[in-house]
Amino acid sequence: MPGNTFGELFRVTTAGVSHGPGYLLVVDGCPAGLPLSVDDLLPDLRRRRPGQSKIVTQRQEEDLPEIYSGVFEGKTDGTSIGILFRNTDQRSHDYGDIKDKYRPGHADFTFDQKYGFRDYRGGGRSSARETVCRVAAGAIAKKLLAQQGVRVLGYVTQVGHIQAPIGDPTAVTLEQVEQNDVRCPDPAKAAEMIALIEQVRKERDSIGGICEMVAVGVPPGLGEPVFDKLKADLAKAMLSLPAVTAFEYGAGFAAARMRGSENNDLFVPAPGGPKTETNRHGGMLGGISSGMPIVCRVAIKPTSSLPQPQKTVDRNGEATEIVTKGRHDPCLLPRFVPMGEAMFAIVLADHWLRQRAQRM
Amino acid sequence: MPGNTFGELFRVTTAGVSHGPGYLLVVDGCPAGLPLSVDDLLPDLRRRRPGQSKIVTQRQEEDLPEIYSGVFEGKTDGTSIGILFRNTDQRSHDYGDIKDKYRPGHADFTFDQKYGFRDYRGGGRSSARETVCRVAAGAIAKKLLAQQGVRVLGYVTQVGHIQAPIGDPTAVTLEQVEQNDVRCPDPAKAAEMIALIEQVRKERDSIGGICEMVAVGVPPGLGEPVFDKLKADLAKAMLSLPAVTAFEYGAGFAAARMRGSENNDLFVPAPGGPKTETNRHGGMLGGISSGMPIVCRVAIKPTSSLPQPQKTVDRNGEATEIVTKGRHDPCLLPRFVPMGEAMFAIVLADHWLRQRAQRM
Amino acid sequence: MPGNTFGELFRVTTAGVSHGPGYLLVVDGCPAGLPLSVDDLLPDLRRRRPGQSKIVTQRQEEDLPEIYSGVFEGKTDGTSIGILFRNTDQRSHDYGDIKDKYRPGHADFTFDQKYGFRDYRGGGRSSARETVCRVAAGAIAKKLLAQQGVRVLGYVTQVGHIQAPIGDPTAVTLEQVEQNDVRCPDPAKAAEMIALIEQVRKERDSIGGICEMVAVGVPPGLGEPVFDKLKADLAKAMLSLPAVTAFEYGAGFAAARMRGSENNDLFVPAPGGPKTETNRHGGMLGGISSGMPIVCRVAIKPTSSLPQPQKTVDRNGEATEIVTKGRHDPCLLPRFVPMGEAMFAIVLADHWLRQRAQRM
Amino acid sequence: MPGNTFGELFRVTTAGVSHGPGYLLVVDGCPAGLPLSVDDLLPDLRRRRPGQSKIVTQRQEEDLPEIYSGVFEGKTDGTSIGILFRNTDQRSHDYGDIKDKYRPGHADFTFDQKYGFRDYRGGGRSSARETVCRVAAGAIAKKLLAQQGVRVLGYVTQVGHIQAPIGDPTAVTLEQVEQNDVRCPDPAKAAEMIALIEQVRKERDSIGGICEMVAVGVPPGLGEPVFDKLKADLAKAMLSLPAVTAFEYGAGFAAARMRGSENNDLFVPAPGGPKTETNRHGGMLGGISSGMPIVCRVAIKPTSSLPQPQKTVDRNGEATEIVTKGRHDPCLLPRFVPMGEAMFAIVLADHWLRQRAQRM
């Protein structure tokens, strides 16, 4: 089975490359009757867009989605939603170095090994520009979830060595996240992060970081034993995004150091049904949502494209050097936030539909 | 789509519960002509089995697989491989506490929320005993991979706060791993880990840890852009295992602190094609195998079942206490190793078949 | 994707061969709370069983299903239902002719071409004994459907040149079908059919026929545009059964001769919503159920195994003769009826669950 | 799983409606390295196009595909192939009757029942205009197959009561098929068919027919036991097309009247491996290709849209009359030929890739 489709019942298929005429997105399985228009897609597309602030790439991309089908008279009609993104700038560039040399950290070499050749125009299919489709699909998923009272939010908690302390993930608001360019809800730490990003950019380098995401209002019962656990599908969704190198939920790696008596969240009576006193389980037990907030974190590696010379080899296998031209994000974190939220929402929408199918 | 199947072309389906008559495993898609017998399955099943050492649970389970189909005259015949595991001990127990109370950290509550009721006999479908099927399927995948020169190995690198330094993951041998009960290739650290596990057991507690896994000999080109990246399917595979709370590959979370100039692995000429000087990319670039060793790590939470009183609620939502009876692993790590290896091998076998389909 | 799984949300996986230890069946996706026991499976298994009358094969097979999982305290628990069938007679036979010669009309040659070798013991995986799993899965689907008021019934309308006129398919009862050995609801024609089958058996030959199936009570709206139309999934289900060579629904092939003004079913007002005056559309418009009875027919070829010499070639490609030993059905139709009903019910259960997922 | 995707390894996804801005097509899984350009798609698109002759609808649709991705420097690059079709005429029409009345034979009523409302502009998602995507995907599949020596051809054998005798399906040529407007390779019968179609058009009526399709050069071994038999996937593919009401392969329904001694095809020695003397099995045994030509037939119902008054009901459930305006095909057969060939080719390409995955 080829890999350009994600999800079982809320199903996303994409095609397109960074330097071709554009991207095609098909969202299949969205129930009929959901109010939907281009305006629902634009806010997250703008958060993902290059050029939105000083600390992200200054490339200009217009990401105007054209809805081709699946929406009729302002509501989804139950059929497959087709969305088109045209690439505005398809001029022929001098790809020079990229064409014949393997960029370190990129998929140039592995695409070549896999397919026998590759579209060398700026990444081709491996370009992160493909996430424009995911963010649009995620916006649809978010709207579907919102009608069930589910809200998904992401924010940056770490850039390089700078960590922002987040007390209660469920207390973070979209406004706090959007109040600064790095999308960290802690204003003081955000300022430090921005300063660090500007510094590494001046040093022709890049920097990694961590994004935390939380979903509130998720009903208990989502997730399918034994393989399609909610935690498993979330992990896949996140690792399917470019540059993501790690995933954890709840206590995550910290659980490795804990004792059971420390890590177990104890059930307590509550109005509306049992809750846990604490949430080290990140809202999932046995891979099924517990009704507590779902909390996960991912690590994003520093941008691989660097405007400084790096050793590499060319397609003939000979040693050479490469300097990546073009404008690249010195830190991927600010623009990652809507991408991570989108995949989170897609997984939740998919499992919400799956759970509906299983009710007698 | 229900969740008891994993993989696209090497496809594993399981059924069974811990206290029923047994487990059914169907492995579909294994090519014809692979030599296979029960003897190929036993070594890993024994590594997974309870009662194998002092530091794991002393429950006795016989895990004798019966091959029902798919193997003819000592070789796979291309049809679905059916394997049966009978549970030897199905006596009716007094499940008392488990029946009406939600065990902290377990899936009791979430199964109840999902399905409306649950098999309360020791976990039912959420029991880790289901992994007996995965380990058998993984043994088949390992044998298939071995014929391509691919080897998968896991080992424990951390128990609680005790970390074993592993220099070169590819230098670790199965013999080193199997030389001690905790499956840590560093004998000194292994001794410390074992002492810690015995201590927490005496204290009626449990402890978490980290398992690292490595695959060598993986050809470049495995992994399907853009959603079914190899890293994505590995993450899902690992998080589908009970008690896994985190996944990382290569530099993983450490990449969050790095600069691009630190993190990028530089290509260098090598006999047989370009290699990278270092392997912070964990053998995957753009989600496709690079030919370098694939290295990943997972965190395992401390066993949730504790032989000490814990606060919880019962099915009526009222506060109560629970003491989990029965013999449980004070640390899941030693028995996790073959489970993690199995899922790793299943993902690699699946993607190896997928890559074959795409060759002209 | 290997081929031993059927269905998306009501999902059936099978393994097993005719002369191995038995068959494994996993039914995944059945909602929790459906009352289910072995007694629900036995009636249809008995209708499928060899040896039930003079006009079917006299082989004796006990088809006692053992439910391994998915049912707890008399109800489905939402997890995968595992069912085991043991083959009672696994004695080593002298397969002689079958081993080295290709039986005409059988899959011997094509299995050999596909897999490089084959289980030559009486058909191996291509044996129609595999349908024991389908009939059991179908019985579960039927029970699920019955709770929604849906009933599925099949019957024989033709054996060789003898055709039984069926006025109104929805008026046929299970009692009428089961009142004679050939499962034709027209007693006079049934007698003729039985006489013909006995005659061809004496002549060491076999005979084909047609089975018609009808589902009543199917709610409108089942079927997924544009590829997973209900008619498309029914066609696949039927053609996946051994010996089926043709499928039609409603007017079927007769529509080729009709004019639109003859073929169109006109809508008329009715209590509970519009109906059509006639049902040439066989209960499906645009591949979606209309609420009218779903009616389809399949052709079954005459049994390929013949107790008379037939020309063929051996595995060395040399001309030879073969006489198929063993007891074979001279006509597959009587035992086909429960198989066809089972696949019909599985498709309807699957689409019923799919339609539930899509409701807001 | 929603229904807008077809195929496992050669995977087609479509979106779009007849009166929206256009159609999106994603073909995923085509191997890298296949020469491909728009010119490869045009011939079959022109065969499918309205307005090509007097006996098909005179609507004018430009079907110019724009390849968005998956092709680089004239060859497929292994990534998902995105193709866009713009609808040229999206003017707002007066849909009057269609909007509030259910057209007999159409999906108006069932879409309404399924989704709660529908795109009433000329069929919306149920419009046969969606097949423009299938024909383009089929052209890619045909090119992939041609490189393996596989050729797929369809032709009309029956319109109404007029049947064309086809001696040897493998002797029919594309030139013979394309030499007349009805795509029947028998010129005399073609003339009769054309006269009949013109007559029914003048009588404001429509007429059904039969299309036969043949694939030559298919290697033995394609088809996956036990559910994804080649015959099963072909049946699904054909029944997924609009207006198809029946499918048969080889002897098909005629097998119902046959004895085994008549129907069995006997194996005979031949250069290059055993063949059968006859081909009543239509090139598939046990659902696996035998190397003999694959032959199947489908019935197409008469066009449901009629320019004469028909009884129906409106959305309020009240009796009314409807006259379908617009230009409709009086007989769907001529334009069906490329659609049937396309689905045939897609199934063969899919199973060819699946078989490759299973080779050690």
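Should a chain be cited, it is by its letter among A, B, C and D, assigned in written order, with residues numbered from 1 in that chain.
To be clear about the criterion, contacts are C-beta pairs under 8 Å (C-beta built on N, C-alpha and C of every residue); 3 or more make two chains touch, one makes a residue touch a chain.
Because the structure is predicted, anything quoted here is derived from the model rather than measured.
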### Summary
Contacting chain A as well as chain D are chains B, C
### Query
In terms of C-beta pairs in contact, which of C-D and B-C ranks higher?
C-D
### Summary
Expressed in whole Å, how far the mean CA point of chain C lies from that of chain D is 26
### Query
When the centre of a chain is set as the mean of its C-alpha atoms, what distance in Å lies between chain B and chain D?
46
### Query
Approximately how many whole Å separate the CA-defined centres of chain B and chain C?
39
### Query
Mind pulling the chain C residues that touch 2 or more other chains?
1-5, 8-9, 14, 29, 32-33, 78-79, 114-115, 125, 225, 354, 358
#### Entry: Residue numbers on chain D that touch chain A, as the complex places them
1-5, 8-9, 11, 13-17, 20-26, 28-29, 32-33, 66, 68-70, 72, 75, 77-84, 114-119, 124-125
### Query
Tell me, which parts of chain B touch chain A in their complex?
1-6, 8-9, 12, 14, 102, 104-107, 109-111, 113-115, 125-126, 130, 158, 160-161, 200, 205-210, 220-229, 231-240, 242, 244-269, 273-274, 276-277, 281-282, 284-291, 299-306, 308, 310-313, 317-319, 354-355, 358
### chain B partner contacts - residues on chain D that touch it in the complex
1, 9, 29, 31-34, 78-79, 147, 225, 353-354, 356-360
